[in-house]
Every structure is written in C-alpha cells, then in structure tokens.
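Both of the next two complexes hold chain A, though its partner changes from chain B to chain C.
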Partner chain A sequence: MQHEPYDIGPARPRLDALAKACGAELFSADSYPPGLLWAGARRCGVPHGILRGVDAAAARALPGVHAVLTREDVPGSNRQGIVHKDMPVLCGTRVRHCGDPVALVVAESRDILRQALALVRVDIEPLPVLADIDAALAPDAPLIHEADGSNVLLAAEIRKGDAEEALAQCDVVLEETFFTPSQAHAFLETENGLACLDEDGVLHLTVSTQAPFRDRFEIGHALGLAPWKIRVHSPFLGGGFGGKDGATVQCLLALAALRLPGRTIKMWWDREESFLAGYKRHAARMHYRLGAMHDGTLKSVVCRLWYDSGAYAHLGGEIMELGMEHAAGPYRVEHMDCRGLCVYTNNPVAGAFRGFGVAQVSLAFEGMMDRLAGRLGRDPLDLRRQNALRRGDRNCAGVTLTSSVGLDECLRRVRDHELWTTRHTWKKAAPPFTRRGVGIAAVFNGMGYGRGLADNAIAKIELTPDGRFVIYSGVPDMGQGNASTFAQIAGEMLCQDAGRLEVVQPDTERAHPSGSASAGRTTYTFGQALIKACELMTAKLVRRAALALMIDEPGGITLVPGAVRHLPTGKELPLAAMGAMLPRDDRVCVAEYLMPVSREVPDTGRDFPLGFPHLIFPFAAHLVRVEVDELTGLVRVCDYLAATDGGRVLNPQNFHQQIEGAVAQGLGFALMEGFGTENARITTPDLSTYLIPTSLDFPDTQSVAVETLEHSGPFGMKGVGEVGLNGPLPAVASALSDALGARIDRAPVTPAMILELLASRGAQA
Partner chain B sequence: MIIRFCINGRDTELDVRGDERAVDILRERLGLTGTKEGCGTGECGACAILVDGRARLSCLTLAAQLDGRDLTTIEGLGSPEAPHPLQQSFAERGAVQCGFCTPGMVVAAADLLARDPHPGREAIREALSGNLCRCTGYSRILDAVHKVDER
Partner chain C sequence: MSAYLPGTLTDLWDLLEEADTAVMAGGTDLLVRRRAGKCAGRICCLERIPELRGVQEEEGVLEIGATTTLTDLLESATVAARLPMLHQAVRQLGSPLVRNQATLGGNMCTASPAGDTLPALYALGAQAVLLSRRTERVLDVAEFIAGPGRTALEPGEILARVRIPLPEPNAVQHFEKVGRRRALAISVASLAAVLRLDGDVVRDIRLAFGSVAPTVLRCAEAEAWLTDRTLTADNLRHAAGLVRSAVLPIDDVRATADYRRQVAGNLLLRLETYRP
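Now for the complex of A and B:
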C-alpha cells in the first residue's frame, strides 16, 4: 500500500489535512519573527465626509510607536484596485465608508498599537450619506468619486433577440422584483500578513491572499515600486471565498515596511475590522419580467439589475457582468434584454464572493420559474427540464454551449430521488402547527475569467536530488484543496505515491504567474498546465534513463513508484539516482496552459471589455425540504440534496467537500446572514450579531456527482467551487413558497418575515 | 507575575502581565501556533485548549488564570508523525478544508470523548456547536468524531 500511486479517481485524504489537524501547518497568521512590529490602520468611522485633517502628534509621541503615516507619506499613485484603481491606500481628502483608513500606525506591541490608534485624531466634515442604491442615484446626490461624474460604476446591457417585442407575443407574462442582501465571507482566519524590506531593497511579503502575483503589481502601482522588487508568498489560507482576492493588508504592510527598512511588520485585522473594512457580497435589487407560452416554452426575459458596489469598485463591474450573463437562468430563452447598474454607495466595499454575481440572480430566475410553474399548473421540475440548456444550445447571452452540459441529468437525479418522489406524503405528514414544503433550483456558474483576460497558468515541477517531485504551485489554496489535487495530478501522470510528491505554496520568486485562486479556475487551469509539465518530465526522464541504462532507444521505458523501469529488460533506475545525476536545470520542467474562450462574437456585452462571455459552465440541481413552525416562524431545513455536474470527479472527497461547504454558506445566505448596515454604519460587527451556520443549524447535504466529460479540462473536470452556493437560496425560497403558499422575494428569510407572510391573506392555505 | 503550569506534559514557568491573554502567550511566547484566533471574543472556538482536561477558550482566558493548571494544546494531542485518533480521523474523513477551525474542533471533540466515549451524532452536534467552521458544512466533522474508532 505504501507505494500505491497517489492517482486520480478514488476518494483520497488530502495531503494537507493531517498537518492542519495537528496544528502543525503554518498559516500566514502564525508567523511571529523575532523583533516584529505591529501595524494597524486608523479607520475613519464616518460613512462619508471631507477629511480636513489628521492629527498624529499625540500618537507619534507615545513611547513604542515607530511610525504614524498619513496620505503624504504614500509614494506612488496611492490607488489600489484590480481593474478600476479607485481605492486609496490611505485617504487624503475624502472618506467614502466607515472602514476607510486615514492613518497607519506601527508600534512595538499590540497594546501600544491600540493606544496609539486611539490617539490619532481625525477632523472630518460630514457629507450626506448615500446608504443605498436609490440615494446614490438621486439627481442631487453628491458624487462619491468626483472624477467619475456619476455614482454609477458601470451601466451595461446584454441583449439577445428582441425581448420587448417577444414579450408582447407571449401567452403568459410574469413580473416580480427580488432583493438579496450583502453577505460577509466570515473566513476563520481574518485578513493578515507580514512585510519586510531587505538590504537589497527587495520587499518580502507573506500574506493570506488569493492572488500573490497580482498583488505585486497592485503594490507596485500604489506605492511606486518596481513589481519585480516585490516578493509575495502565500501559505495555505484559513479561508478565502473571494474575500482575499484583492488588496486587504498588502499595501499598508508594504508602506510600513518601506518606512522601516529591515524590520518585519505584522498586521492582522481583528474580526470587527475584517467586517468593517473587508469585502462583502453585493446587495442587489432585480426587477424581472418573464414571458412564456402556454406549453411552458420560455420566450423572453427582460430584467433590470442594480448591484450595490459600496464605496469602491473592486470587481463590481465584472461581478455584475457575470450575474447578467446568467440572468435568464440555465435555460433556452430566445430573447433577453438585461440591463445592469453597478452603483457606488457609502456602504462597506463589495467584492468577489463565491457565486460571483450569480448567487443574486439565481434567486430571481428560479423565482420566476416557480411562479411560471404555478401559473401554468405545471410540475416545477418538469418545467425546468423542458427548458434546460443542452449542449449545442445558445445560452441567454447568445453563446453556443460547445462544452459539457449536464443540467438535465442533474434534474433527473433529483426527480428520481426519494426526497422528491415521496414529497407529497412527506408534506401531508406535517405535525400540528407546522407546514412542510419542498423546493428545487437549477443553477449554473461560468468558469474562468472569460474572454479578454487571459486565463492561463504556468506549472513548474522539479525532480529533487533525492528522487521526489516538487510542484511549485502558482495558485493559492484557500482551503478548497487544489494543492493536494495538484499532487494527485502529478501522482497520476508520473505514477508516484504520496510520499514522493510535495506541493510548495505560491511564492512569486519560485513559482510562475498563474492567476488568482478564483472563478472555479484553479484546478482546471493550473491542472492542465501541470499535466503538460508532467508529460515533459516523463519524456525527459525516459530519455535520460535510456542514456544511463545504455539502452539504444527509449521505447519501453516507463515510470513506476520511485524508479524508472525498462520493460523489455526489467532494468530499473531509482529516481534518487536520476535526481542525483542530473543538474538542476535538467530536473525542472515548466509548461503553460490557456483556457479556451468562446469563438463566437455575441453582438452585445460591449460594456465588458474584460470577462465576457464565458464558455464553460458547471451546473447543478438542488432540492430542499423545509418545515415551518407556524407559531414561531422558525424554519427547519430537514433534507438537502445537491446534484452537481462538475465534469469528471478527480477526487470524490474534495468534490463533495466543495459542494457541502458551498451549500452551508448558501443556506446561511438564505436563512441567517444579512450583513447589517444602518445609514451605512455596520450593525453586525461580530460573530454574535452576524450569525453564520453552526453544527446545529442544518442537516447533512447529500451530494451527488453527475459526471459529464469536459473535454477541455484536466481528465475531464471543470471547477465546482462556486456553483454550489447558487442553489440554496432559490431552493429554500421555492420550498417556503410551497409550504406557505406565499411568494418569497428576498433574503435572508427570517422568522419575522415568515410570521408576517402567515398573517397576510395570501398565505391562508 | 510568575506563573507555573504544565503544558503538553512539560512544566513551564513564565513571567506574564496581568492583562495578557492565554492565546497570546501560547502563540507568541511558547510558539504553539496550532491554537488559532478567529474572533477574540469567544464566538468561534478556534482558540480552544484543554485546561485540566476540559475545553476552554484561550482568547477569553487570562494568562494568569493558567497558573497551576494542566494544559493540553492541539500540539499536545498529537503530531503528524504520531497523531491522536481524532486528528487521524479528521484527516482521513475529509473533515479538514482550510483547517483554521480544525485545532479548536479537535480539542472540543477530545473534551467530548473524554466525558462520553461513544457519543451519538446529535450529541456531537451539540458539543461542537460553539466551534464555527466556514468551509465544511460540518457533516464530515461530525463523521470524523462519530467514527473515530472505526478504521
């Protein structure tokens, strides 16, 4: 067993799991080099205002304070942002949300830091607070970013056919407005990192980040440094979910390190600062009109979306774009007219979050499908199957699906499952004062960056002198297990056991740029590059072995665990011998892969130079059974089923982990988690006010894999990190509608809302 | 003030300030960074350690309160070379994703098993309800504790 190759297919324990379970894995938060200094940001605490001045004198005078830096101390552009560079490292003249930093303090200890931060005085002249989308769009609203001339970050449209005209021809037209809340990532390891400027002028950072290579450029741009003088290392992350994709601590740490050469600076946001200054899911309002024929054929969707970007852009435009590209659901819809406005407000900054813009529209398009099924008296699952996208169809953005499409099979698995087939008897058996409902949802989530932003990765693998293989990962592992999957891919390609495989976490000096850990692309893109690198490695080792074994032609030489074997003669050469024999240059193979993009040029979406359209989609069908207490309004989730098409499954354990985790976050989004603000000030600053699911809240998810073959993907897989999050909210809304006979148009669905619905006339069953 | 305690089987003496938290002396002064901090306010359970055999939140404990106690941290339960059965079970059953909650989970589970060697799944849900995990949805964690004796 010891030499069993760590190959793909079986459910295998992750290679990182045991060290983590023993507390031996070092996260970036776990590093405390001797002599370190602590950095912290003074947050302005005001949602909108003119910054008249920052008085740092008292803080500077405090013994143990090494520096108090303000806007004047920032070299470079002072602007951060992935695409749209609108977020200052330190604010100089204007503050746009309560978490905006106005000063950076570096101190001997955390205690002194805390005292010094409290001593920094800020003088802010308040401006009218734009606490929601409507306030920001009012004609007389002040501009949050004056240079933009408007509070609209992006106005965009995706059109296909003539949606208004088609709507007029439909037998049935339904209309509804939906709302989804802001959500916090609430990863357990809050944002943190370390930085140090060495004698050679190289800036070293260790950061809990999803995008170490991009960080170099962001820091370089904001602080006027050459990116190649910046080295970023990203150890395993204690959770990310999109919230560590983009600038958090990086530029502040770098700024402190530049001021104090040779000193290591540590910054670690506490939970409240993470909630205040970290990114959130965009709150959204979505107005829909859906037109269909009597036989259930979907014809036309006209929708208007508003996404609340908060004070800065992050990837707001790109996130709304993905929502728009999915706006009519995973269905054949001939006509769509989708317009979106992504709007600046004074709320906390919205950014990437698992489900990237699609989690919002999933409530809307699935809500419309349920309403249509109700109107037509159709079985909701059957109606979805009738319209489900199949390979070769054009999706609602006009893109032909040339890649794998397993949606109908996902729906069939749900239809045949006993949780569905027994639903009527189960509902009838509801105990007194409870109501039961069963809901379903069909969802999808485009994978990768989309056109206009090369989604590529460069993998590097090395044979060590002692005969092991080291994979230099270029994409961080925020917990999803890609690092271990990389080992598995190499184990498969090179026929090696786990003991001979090691994955080095991303370090911009040792690995090659491979993009961010995001968009369900991590294993897909890097995995393909790694397969190629392993092929190069195999070919090389075979040829070198032929030399060493004095064999005329390399045919019949193969890799086996720990060795290279010549099959005709049975001669073997241990990998350790090969590793010792070859010079380093000859022990390294590098290869790259670029994700394919759609070859079609849809005559729409011109507002999106980056990231439109997508070509490859994982799909899923979810089912949930809920029980509602009529007296308290409490909702109990009784059963949950998720059937997911993620292409071929490389490791069932990792696959189901992703689905189960995403469903839990999605159920939180549906029933518990509304990130609270009142007049743009946060009202949920901690984990006792912002509640995330505990072990008591939800049942085990039954996860079923629908294994299509994605020809373009490594061993036929496609990424499933995101799609699982999109199902729970619409499925729960559907189940609650079924239980209450009332429509759900917003989240989170609280007991108070349920009681109100029960009390209203529409809910009288 | 000088405090003395036994940690992971080793007698230890430290000079601490009255306001120092246990989690900080573990992580920063003793290098035991397996104990995590996820909130600092008693809500996530990531900082759990065993104090005289019972799980306690080290973020809410003052260092001074450790005086005279017998402490076990996640490192004291086992190591990758010689793991505790719970650590092994967590790793094998896919209960670990990002792993930041895991040490606290394992400590809370060890406390439970010491009191109730064969808990049912519902008892495990109860016992771990103070430990937040954002990655897993919990079911594999429950399995890992429930089936710790099965290989």
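Now for the complex of A and C:
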C-alpha cells in the first residue's frame, strides 16, 4: 500500500497516530530543556477586593528564587484580551476573581516555586462579592470595571419582524425560563508553555495554544513589545475545546523571560490552577416565549438571555452574539425579538468553549419545541421537520441560507432509525424500578468568525530536496485531526502517498499568518488555502518537469506518487530529482483563502462590531434513549444516535471522532458537569469534585453523516467541531421529560432533581 | 520526603518508634492528602512484609492480609464465590489503576464513611486483627472504626489482617453503591445487606449503609422490623422509613443530605427483587 495516495474520502489513519500511541509525539508540556526555570503565579484567592499591597520580600529571599515580579514590573498596557482588553497580566490595584494573579515567581525548581508562592504575602481589602448576574445588575452593585460605568459587558438585540405583535396573533403561546451551568474544558494537557528571550531580543515561546499568530499581538499589546519580535510555536495540543483560545500562560511567561534574558522559563498549571484561572463556559439564564399556530407553524420567539462573563470579557460579547443568532433554533420563524445581556461578575472568567454560546440556547429552543409538541399533541420529530430551515429560507436573524442545509435529512435519518421506530416497545419493556424515555434534538452551529473579522488562512507547501512535501500549518491541531486532514488534502491534490507528506505544526516564524483553531473553521479555511497552494505547486512542477524533460508543451504531464510523468511519452522525473534541481524559493508555494460572509445587511444586530452574522451552518439531529432509576434518580444513557450534516466528509474516521467526542462532552454538560461556585468561590476545584464522564458512563455514539454539498467548502465540507456538543443536553432533557412526564429546565440534571420530579409528577408516567 | 520499605515485622516495629511516621498500605488516599499539604513526615510502607498480604480460608473464616490489593481480592476465587457483595464493592471502587495500588487494610484505616469496602465488612461482621511489637488484639470492624478518619489503632500498632466469617452459601448478599458516575466516583450512598430467607420470610438480616452518617451505619431498627416478616414492598417501605430516621447525612458537593436520606431508604426497596 506504500504507493497508495493519502487521499480524500477513505478513513485514512492519522499521520500522527503512531507517534501519539507510542508516546513519541512531544506536546508543549513534554519539553524540559536543560537549565530551565519554573514560573508560577500567586493567585489572590479572593473574589473581589482592593489590592493594598504585595509583600514579596520573604519569597525573594528564598534561595533558588530568581525573580518575584508584581504589577510595577510589567511594561506595556498590562492588559490582555482577544478583542476587549480588560484582563491584567498582574493585578495592581484591584482583584476581580479568586484566580486573579498578583505576583509572578520564577524559581530554580518546582519545589522552590511552590514554597516561594506560599511566602508571597497579599493584603486585600474585600469588596462586596457579585456572585451572580442579578447581584451584578442590582442598582447599587459596585462596578467590577469602573471605567465601563456598568457591569454590563454587552447589551444587544437581534430583531426580525414584530415579535410582540405576532405573539398576540398566535393560537398558542408558551413561556419558560431555562438555566445552563458553567462548564470546564478539562483537557488532558493543562495550560502550559515555555519562553526564552534570545540574544537578538527575540522572544521565543512554545505554548499549548489555539491561536499562535494572535498570541503575538496579545503579548505585544500587554507588554509593550513589537509583535514581530515574538515567535510562537504551537505543537500538537492535548485538548483545547476553546479553552486555549486567548492568553493563558503566554503573557506571564513572556514577562518572566523579559526579566531573565537567556533563560528558558516553563510554566505549567496543575489541574487546580487550571480550574481556578482557566476559562469556562458561560453560565446562562434564558427566558423564552414562543408563539405558534394550531397547525404547528412557528410564528414568533421573544427571548431574553443573560450570560455570566465572570470577571473579564474574553469573547463574552461575541459568544452571546452567537447564542442570540441561534436563539430561535434551526427553524423558520417569521418574528424574533432577542435581547441579550452579557454581565461581569466575580465568578471565574468565562470564555470560548465548543458550542460557543449556542450550547446554552439549544436547551431553550429545543425545550420550547418539546413543550409545543406536548401542547399540540404532535409528534416532536414531525413538528421539527415541519418547521426545519431549508436552503433559501431566512433564519431567525434574517440571513438567507445560501449554503447547504441538511437538517431535514438529518431528522429523516433519525425518524427511520430503529432506535426511533421501536421506541414505544422499548419503553414498555422497562425493568422494575426503571422508567425509560426517548428524546430528540435538532441543532445547528454557525461556522467561522462571522462578518467583521477576516476569517483567513495562508497555506504554504514546500517540495523538499529529497522529493517529499512539507505543509506548514498555520492552524494548530488540538487533537481533532486537522493536521492529518491537511496532509490528506495535499495527498489528494498532488497524488502522493502518506510517506511523502509531512505537516509542520504552527510556528509563526515558518508558517504564514492564519486564524485560530476555533469556530469549526480550521479545516474549512486552511483547507481551501491549501488546495490553492497545491494547485500552484502542481502547475509549477508540471512546467519545471517540462523544462527538465525537454518537452516544449506542458500538456499531458501529471503527478504520480513520487514522480512527475509525461503521459504521451511515459517519461518520468522523480520528485527527488526535481527537489534537488530547484532552488528553495522555487520549491515553495503559498496561497490564501478568506471565508465568504453574508452579503445581506440585516437591519439588526448593530450592537455587534464583529462576528455577526454567520453564513454557513452545520446541522444535526440527535436521539437519545435513557433509563431512570426510580430509587436513586440515576440516569443511564442507553443509546445515542447523531445524524450530522457537515457537508461532504473528507475522512470518515475523523468526522465520527469529532461527533463522538462532542456528544460525550455534551452528555457530561447534561448530566454531571456543573462547574460550581458559592459566593464566587469554586466548589469543584479538582477532578474528584468536578466529574467528567468516563468510558463506562455512556454507550458508543452511532454517528451518521448526512453529506450535503457545501459549494464554498474544500471538497464540499463544513466544519463539525462544535455542532455535536449542542445536541446532547436538549436531547437528554427531552428523553427525561418523556420518561418522567415532567419538563427539565436546567442542567446538569442531578439525581436529586430526578427524585423531586418523580415525587411531584410520579403518578403521570 | 523519607520513605521506608521494611521487609519484616521486626524492622517495621523499629521504624514505627520514630516520631511522625505514617504507615502506608497502597497510598491512594495518603498520597493525595500529602499532595494537598494535609499531612507530612516520614512514610513507612507495608507492602514488602509478606505476613501482611494474601487471602486464606480456615474453618469458615476468610483471613485477608491488610496489604492485599483490591485487584488481588477481585482475582480471588473464594472472594468471588463466597463474598460476592465484597467482590462487587471492590469492583466499583476507583479504577483498575487505583485497585492495583489500593489495599483492603488501607481502605479500612482511611475510615471514610464513603469507604467502598466498609459497608460489606460491617454487614458481614468482619473483625480487625491489630498487631504491635508486643500485642495482638481483635476488634469488630465497628469498634475498629472510631469516627470519620479515626480508628482504634494505638501508636506503634498496625492493622494486620481482616477476618470475615463466611455467610451460609444460600444467604442473600446484596450491595449497591450510588455514585455520580459509573467509575472513579466517590459513593454518595451505599447499602450492603446480608439476609437469610425462609421462603419469603426474613430470618436474619444485617443492613449497613455507607456515606449517610459519620461512619458506616448498621440500622438495628430496620433489621429488627424486617426480621420474621415477609419481604414485601410494604414491609420494606416501613423499614425504609426507619432507615431515613436513623441516618445522619451531610450536604456536600456530591449530594445534599436530603437526597442521601431519601436514597438510603430507597435502596432498601430494591431487596424486594430477592423475594422468591
């Protein structure tokens, strides 16, 4: 099989599979260069307060301590943030959540670092704690960011038609309030990196990051450095899920490296620090009113959303925007009035997380659909099909869907599946002390950055002197497999086998600037750029081969594994010969791609400077079968089916892995992962109190691909990194409602909630 | 950090005379506490002392060495055949990695109300054999465990073995653990029950509840009510009420006290499935 092209379509094994299985692939955390020093942050441990002073004398005096830095030592603006720059590198006068850093310690070893951190004395005058959205919105609430004049990070609206007026005309109006919790990414490799300032004044960082190119600007802004003097390398990540999009260790590491030129500094948060200082999913409250006609036609949605941003902005406004843009679900709804408030509190900092604002509203809009089906006595799946968005429809934000829309087909696959067709007999066969329920959910998730922020990528491919191709990736691989898919794209375009393809992980010095690994855009945007680069490479090699073979006309020349062949004469030129013949500048091709944006100008969403609206959406329909134990309230997920429209599938294995992983993470969100705080202090500080699913908790997901053709995408694909996370919570809520005869309005659903519902509505099932 | 690995009991007794020495039998609890800064000092590991390890049956009593790992217990044919409730409890404890390291004696000495092997040991009437340089004494498990995190061990004394009288082969052994997930979960409530049935009449019953009181709780009231009564849903429901009055649960991040109280009673209802 050695000469078989590593092509698009089959489930080709990942290029990195063997190295990862053998432990040979080095993650950022695996790097221990000789002579390294350890850096760590002293966290304030108080949710809200005035920082009166930091006494570092004892820590500085400890042998083996190289530096203890405080706010006065930070050059530049001391402010981090992707768009909204409000997060200090080191706090100077104010602390806004328990994880806020007040001092940075650099020491000879981890042990000394730990001792020194404990020796840093902090004097904080406590301020009233704003532990939730209502406390932060109270008229007399202290301001978390005084310059803003309010605790509201963003107040926004998306309106279409006249929703209130339409509601008054509806046959049925339903009302409900939903709650979703904060969630931790809980990636295997916690936040970490290394930094070193070289003799030329270039700052080198190796970081577990989703956005190496943007990191340069964020560090530069915070510390007053020219971004071009910063080089960021991003090896494979041990998980990201959005939690490594935006600065984590970067600015602290850079600060330490600036103070200790020539030394390599390592910082690696342990699990407790990751939970304390890392980003989380926004907790949300969502109040909905849905209006429909007797025949099931949806007419109007009026909703109010509150997102808890925690102490800083991160992408809070943009995240809430995505929730608002999806607020009425993947349905034709003529009228919508959606208002959102993203609010600062003293809770841990909320940020990007797979399902970016949409995972929250998915519980709400699907919960409303279930309630409507119940009210109208309709089959819930049929009701969704009746209202499902189709290509050419306008979505609830008023944007015409010009891209592929496979939702109805997803729903049909679920409808025809035996897990759905046999549901009544399955429910009746419930064993003693057990109730069974079957639920479904229809979801979607906008892809890419949206309008206002160029969603671009630049691909570079090089023919090496020994006749292989090296792809310089600009977008990190967090484990989702895009690096390998890039190789597959090149293998397809250039007709080369896996042995001749190599992907270099992002390095701002070697690759060209590209956007982040996020927003389901990674393979889509970089893939399109890479296709173009491969076309340039093919055209170049054909012309160079014509020269070398002394053929006056380059027609009839094609690439085959390892060689260029002239078809009319059968002459071949090995790629190694071509690689050796050409100078480096001539062996490299570069091309770029910019994701299209909506050309419509909806008369709404003006509050969003960027990220509104989106044009391309993957869709999915999920089904879950659950068993509830009446004695303990424990829920067992028995079967799971996910039908996903991600356009054409480039690699079935990678596709299904994305869905399976997202479903597991989504089921965790539904049934166990509530990141807890009490008065803004964390109650789930580690993995023994914050539970994530194990392999025993859930069944294998049956993943079905609905392969629509997305004309704008590489080989017809759309990104599916996020959509799979949005389905499990509403599907489980729907299944539990079916089992218990009582509606679910919040997550995670705990056994105690189930017992309460059984006690209150027990007679109905 | 100093760690010692004595190979004989004689060496062990010398080491235990040093102040500030913690005994370690697996370390899956102790090392977690150390990492969190909750304990320090020297560590003396028991794992290389042969007398403290292994499973032996003698005259209807199973003797299990304190440093016998949970994996060893799972692999013991006698445990599987004669003590299925203990086998089940161990199978649901931690993960394979934890079970390879953790020991029965360690689980007892940690003396957590959530210790997964403890309800079974209480229900089975297990005894603890305590050893020091000069003394040997035997305590019922309920006497051995003095409170949450506290045992009857004196300085210089270790838990050497556990003695479990084997129940009659036809006795019902029932164990159920409620955790927030199916593996690697700390028990929120658990029930170990041993009962002898005469038709559908309960002749002898022992009920031990985990995670619903400062220590594992034997519920004498419920046992007395059920003895000589039929194993019906109504009788079990009445006994469940007695259980709910007897337990002393707490609120924590895993569950509320109310939930624990309700479920402790509910767990009893499952016994109806043993009714012939």
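Operating definition for what follows: the second predicted complex is superposed on the first by the 761 of 765 C-alpha atoms of A that agree within 3 Å, B and C clash if a C-alpha of one lies under 4 Å from a C-alpha of the other, contacts with A are read in each partner's own complex, and residues count from 1 in each chain.
Assume contacts are C-beta pairs under 8 Å (C-beta built on N, C-alpha and C of every residue); 3 or more make two chains touch, one makes a residue touch a chain.
Owing to the predicted nature of the structure, the values given are computational and were not obtained by experimental measurement.
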{"item": "First (chain B), second (chain C), both or neither touched by A:14", "value": "first"}
{"item": "Touched partner set for A:90, first chain B, second chain C, both or neither", "value": "neither"}
{"item": "Contacts of A:684 with chain B and chain C, given as first, second, both or neither", "value": "second"}
{"item": "Contacts of A:479 with chain B and chain C, given as first, second, both or neither", "value": "first"}
{"item": "Contacts of A:696 with chain B and chain C, given as first, second, both or neither", "value": "both"}
{"item": "Chain B versus chain C, judged by how many residues of chain A each one touches", "value": "B"}
{"item": "First (chain B), second (chain C), both or neither touched by A:238", "value": "first"}
{"item": "Doubly contacted residues of chain A, that is, touched by chain B and again by chain C", "value": "688, 693-696"}
{"item": "Footprint of chain A on chain B - complex, ascending", "value": "19, 27-28, 32-41, 43-44, 46, 73-75, 77-80, 83, 86-88, 90-92, 94-103, 106, 124-126, 128-142"}
{"item": "Interfacial residue positions of chain C with respect to chain A in the complex", "value": "178, 180-186, 188-189, 253-256, 258-259, 262-263, 266-267, 269-270, 273"}
{"item": "In the complex, chain A residues that touch chain C", "value": "432-433, 630-634, 672, 676, 683-684, 688-689, 691, 693-697, 750-752, 755"}
{"item": "Interface residues, chain A side, partner chain B - complex", "value": "11, 13-14, 16-27, 29-30, 32, 111, 185-190, 236-241, 270-271, 478-481, 653-654, 656-657, 660-661, 663-665, 686-688, 692-696, 698, 700-701"}
